[in-house]
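Have a look at these structures, which come just after this line.
Each of the next two complexes has chain A plus one more chain, namely chain B in the first and chain C in the second.
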Partner chain A sequence: MLEGGKISARQMILLVFVSRVIYWITSLPVLLAPPANQDVWIDLWMAVPIYWIVALPFYFLAKRFPQQSFYEYTQAITGKAGPWLGILYVLFLLHITGLTLTNFSEFFTTAVMPETPSLFFVISLTLIAAYAVYHGIEVLGRLSELIAPIIMIAIIGVVLLLVNDMNLQELTPFLEKGIYPSIFTGLSPVGQTIEIIEVAIILPFLNDLRKTKKVFIYAPLLLVFFLFILTFSELTVLGDDLAKTYTYPFYNIVRLIHVGDFLERIEVIHVTIWILGMFVKTAFQYYVIVLGIGQLFHLKSYKPLILPMGIIIVASTNMLGSNVVAFREFLSFEIYDWYTMFFILFIPSLLLLTAVLRKKGEYSK
Partner chain B sequence: MKKRSLNFMLCLVLSFTLTGCWNRNELNTLAVIQALGIDMMEDGQINLTIQLLKPGVLQGAPAQTKGEGGGGPCVWIATVKGKTITEAIRNATTQVDRRLFASQNKVVVIGETAAQSGLSPLLDYYFRYNKPRELAYIFVAKGKAEDIINAENEQEKVPGKAIENLAKASLNTSKAPEVTFHDLQRSLVSKTSSSFLPGLELVKRPAGTTIEKQVELCGTAIFKKDKLVGWFDGKESRGLLWVLGKVKSGILVVKSPEDESQKVVLEIIRASSKITPELIDGKPTVTVEVKEEGNLGEQMSSVDLSNPDAFRELEDKQAEAIKEEINAALSKAQEWGVDLFKFGTEYHRKFPAEYPELEKNWEEEFKNMVVNVEIDAKVLREGQASKPIRAEKKTE
Partner chain C sequence: MKVFVLLLVFALIALLEIPKLIRKKEWPELITFSILLTIGFILSFLQVIGVELPNPNKGIEKLIKLLTP
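Up next is the complex of A and B:
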C-alpha cells in the first residue's frame, strides 16, 4: 500500500476549492470566453450542470472500482494498454504542474517583484511542496482545511471592502446575447478544472466511500459560487471592457481598495493568499504525479521519487513557452480547454464504456 | 541527538532567508516622485518634469516656508526628455542619483499640447507598469505641465501634495471634476464616451507675496475620444457633473425673489441624476432628470424669505439655475460631438438590439439628439437664522 492515510469528504472538497479558486484570483479566462460581455456573471452558473456531466464517468468508474485509484483501474480496464495510459496521465499532470508554477512565478515577476529571477520562486515553492508531499495525503487534507478558510475570508473581505466601488449598472443589458452562449461560458471553467482527475486519483483514500457522490456534487457548487463572486466584483468594479484588458483583474481591483485615507494598498493580502493557495495546489498536483508513478510501477513507496520529480518539475517550467504571450495563448479558452477536455472527459468516457463492455469492476458481478 | 543537530543546522541555514527581500528598496536609496508633468515638445519628444521629495529636509525643517529659517524647499525638480515616457524616466537616472519610485505619486499633470495629441499613448506606461497607482489624480495644464510642477505653494511644503488636495477639495464648488486614473481608464475604454479631466493653470499673485505664481483649478478639459478639444468653464463643468450625478456640494447664487437687485445663496446638499434613453421613430431622445436638495445658505437682501411662497419661488429659481448650467454643458458638448454624459452606454443598456446600429455613427446621433432636462429642486432648510438681522416688514 503506497498510502495509508485517509481524508474526509470535506477535506477533499476544500482541496479542490483551493487548487482551483487560487488560480482564478489572478487570471480569469472565463471573462474572455464567449459571449465575453457583461453577462458572464450569470452565464457561468451553467458551469454547475456541465461539471456534473463531466463528473459522471468518474463517478461510475469509482462505483465499479471503489478500492482503486484512477491509475489502478485504468490498468484493470485496458489491460496491456493500461500502463501507457497511466504514463500519459502522469505526463499530462506534469505539464499542468509546470504551467501552475510558471503562472505562479509570472504573477510575481509581472506584478510584484519584477527583478527577482522566476526560478527563485519556482524552486522555493517546489521544495516546500515536496516536504508536504513527503508526509502524504493526510497532511494535504489538513492543509486544505487550514488554508481554505483563510482564502474564503480574504476574498469575501476584499469584495466587501469594494462594495462602494461597485456599479451594478455595469451588468446591464441583461443577457444581451440570449441564453445560448452560456454553454460556452460554462465550458470554460470546467475545462480548466483538471482537479477532477486528481480527485479520481485520491478517491480510494476517502474515509467514507459513500460520500463520493457528495464530493462530486458539492465541490462544483463551491467552485462556481466563488467564481461568481470574483467575476461579479470584477465586472461591477472595472466594467467588462477594462476587466478584459487587465492580465490580473482581481489583483487590480484589490489595488483599488481605499477606505477613507487609511485603509489602502492592501494588495499584500492578495499576494499572501496567492502564495498559500499555490502551495497547496502545487503540493496536490505533485502528490498525484509521484503517487501515479508509484502505482504504475508497483513500487513499495513513492517517497524516493519526490526529489527527482521535483527537479523535473522545476526544469519543465522553463520549457513551457518562449514568453508570457505564448503561455497565455496556450491557456486561452480556444486551446487549453480542448486540451484538458481530452483528458477529463474523452478518455474517462471511453474507459467507462470499455469497463461496461468488458464487464470489469463490481457492477458486473 | 543526530536529529537535534540536524534541526539546529536547518534553523541556521533558514535564518539566511530572513534577511529581507530580493530587490529591497530602502528609503535612502529612493527618489520618491511627488508629481509628474508630461509635455510634448515641438519635435515630438516627451518632456518629463519630475517633482522629487527630499525626505531629510522634510523631516528636519519646522513648518515654515522657505527663506524663514527652514531647510529650503523639500522637493527638487528633474527635467528629462525622451521619445517615450519610459525612455524619459530611464534618462532621468543620468541626473537623479537615486532610484525613481512612482508608488507614492498621486499627481500627474499633462501639458496642453500633449493632451491635444492624444492621451492613450502617454498613459500606456501607467497601465502596464506595476508601480504607479490607479488612484492617482490626473490633470491637464493650461499651457505647459512643466510650469505647474515647478510652481511653489504657500501652504504645503510639497507642492504636489497641494495639487492633490485641490482635487479633493473640488467637491466644495463642484466646478471641476475629480478624476483618478481608474476613472479615466474606464471612460477611455468606452467606444462612445469621451473623457474629461480637471484643468490647472498658473495664476499671478499680487506683488510682494513670497510666491509669484500659484496653481489653481480651472474648469474641465474636454477630450474627443482621447484628444483635447476644448475647455469647460466652472459653470459648464458643473452642468456636466449634474448630469453625471457627481455634484457633491456647491453654491448656487440666484436673485432674491422679493428684491431683484440682491442675491440669495442656495447651498447644494445632495443631488442625483437619472438618464432615461428613448428611441422615438428610431431617433434617440434622452431625458435627464436631476433631483437636488438645497438649503438657504445666505441672503444679502433684508427681505424676510421664511415663508412657503418665497421658498417655492426660490425652488423655481434654483431649478432654473441648474437647468441653465446643464444646458450650457449640453450645447457645447453637442456642438463638439463629445458624449461626456455616457449616453451611449445608457443606450447600450436599454436598447441592446438597436445599439450596434447607433454605435456606428454615434457622434452624429449625439450631435442631433434631443435632450430633455427635468429638474426637481427643493429648498429644505434655512440655517439658524429665520430672518435677516434687519428684516423689513412685508408690505401687505
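Up next is the complex of A and C:
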C-alpha cells in the first residue's frame, strides 16, 4: 500500500471546503457567468443539484470499486488505455496546480507586495506544501480540520462587520430574467470544482466507506452556503456593476471596513487566511499528483517523488506566464468550465458506462 | 551564476534521495525518480537560459474555442 493513513468523512468535506472557498474569497467568477445580473445570490443555489448530478458517476464508480482509488479503477476498467488516461489526469492536475500557484503569486504581486518577484511566492509555497505531502493524508486531513474553522470564522466575522455598508436596494429588480437562466449560473461554480476528482482519488482512505454518500451530499451544501455569503455581501456592498469590474471583489470590500476610528485595515486577516488556505489547497493537489504517479507505476512509496515533482510544479507554473488579462480570460466560464467539465463529467461518465457494459467490479447495495 | 545554482539544487536533491533508494534496492522508484528529475531539469534549465516555453493555456483556449459554439 502506498498510503496507510485514514481520514474521516468530516475531514474530507473540510478539505474540499478549504480548497474551494479559499479561491472564491479572492476572485469570484460566478458573478460574470450568464445572466450576470443582481440575481446571482439566488441563482447559485441551483448549483447544489448540479453538484449532485456531477457527483453521481464518481459515486457509482466508488460503489463498484470500494477499495480502489480513481487511478486504480481507471486501469481496471479500460485495461491497456488505463495508464494513459491516468497520465492525462496527472497532467491535468499538474496544470490546475500551476494555475493555483499562479493565482497565489498574482494576488500578492498585484494587491499586497508589488515589488517581490512572483517566483519567490511560488517556490516558498511549494516547499511548505512538499513538507505537508511528505507526512501523508492524515496530516492533510488534520490540517484541514485546524484551518477550516479559522476560515469560516474569519469570513463570517468580516461579513458581520460589513452589515452597516450593505444596501439591499442593490438586489432589485428581483428575478429580472426569470428562473431559467439560473441553471447556467449554477453550472459555473460546479465547473470550477475540480476537487471532486481529488475526492474520488482519496476516497479509499475514508475510515468508514459507508459515509461516501455523506461526503458527496454535504460538501456541496457547505460550499454553496459560503458562496452565497460571499456573493451576497459583495453584491449588497458594491452593487452588481462594480463587483464585476474588480479582480478581487472580496478583498476590496474587506478594505472598506471602518468601524469607529479604531477597527480598520482588516485586510491583514484576509491575507492571512489566503495564505493558510492556499497552503492546504496546494498540498492537497500536490499529494494527489504524487500519489497518482505512485499508483500508475505501481511503486512502493511515493515519498522519493515529492522533490522532483515540486521542481516540475514550479517550472510549469513559470510556463503559464504572468499576463493577468490572458490569465483571467482563461479562467472565465467560456474556457475554463468547458475544460474542467471534460475531466469531471465527460470522462467519468464514459468510465461508468464502460464499467457497466464490461461488467467490471462488483455492485453491491 | 543562475545555471550554477540550478545545478547545485539538483545535485542536492539527487544526493538526498538516490543513496536511500539504492540502499533499499527500490529500482522502480529509482527509475521514476530519475525520469521526473530529468523532466524537471530540462524544463527549468530551458527557462533559466532564457528559452520561451509554449504556454499550455493558449493551446487549450484555441482548442475549446474551436470545439464550442
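Assume the second predicted complex is superposed on the first by the 361 of 365 C-alpha atoms of A that agree within 3 Å, B and C clash if a C-alpha of one lies under 4 Å from a C-alpha of the other, contacts with A are read in each partner's own complex, and residues count from 1 in each chain.
FYI, a contact is a pair of C-beta atoms (placed from the backbone, for glycine too) under 8 Å apart; a residue touches a chain by one contact, two chains touch by 3 or more.
Bear in mind that the values here come from a model prediction, so they are computed numbers and not experimental data.
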item: Partner chain in contact with A:312 - chain B first, chain C second, else both or neither; value: second
item: Which of chain B and chain C A:149 touches, first, second, both or neither; value: neither
item: Chain B versus chain C as contact partner of A:79, first or second or both or neither; value: neither
item: Contacts of A:252 with chain B and chain C, given as first, second, both or neither; value: first
item: Touching partner for A:49 - first (chain B), second (chain C), both, neither; value: neither
item: Partner, of chain C and chain B, that touches more residues belonging to chain A; value: C
item: On chain A, positions contacted by chain B and by chain C; value: none
item: Chain B partner contacts - residues on chain A that touch it in the complex; value: 110-116, 120, 169, 172-173, 176, 238-239, 241-242, 245, 252, 255-256, 258, 264
item: Touch list for chain A against partner chain C, complex; value: 95, 293, 297-301, 304-305, 307-309, 311-312, 314-316, 318-321, 326-327, 329-330, 334-335, 338-339
item: Chain B - residues contacting chain A, complex; value: 21-23, 127, 130, 133-135, 182, 185-186, 189-190, 348-350, 352
item: Chain C to chain A touching residues, read off their complex; value: 9-10, 13, 16-17, 20-21, 26, 28-30, 32-33, 36-37, 39-41, 43-44, 47, 53-58, 60-61, 64-65, 67-68
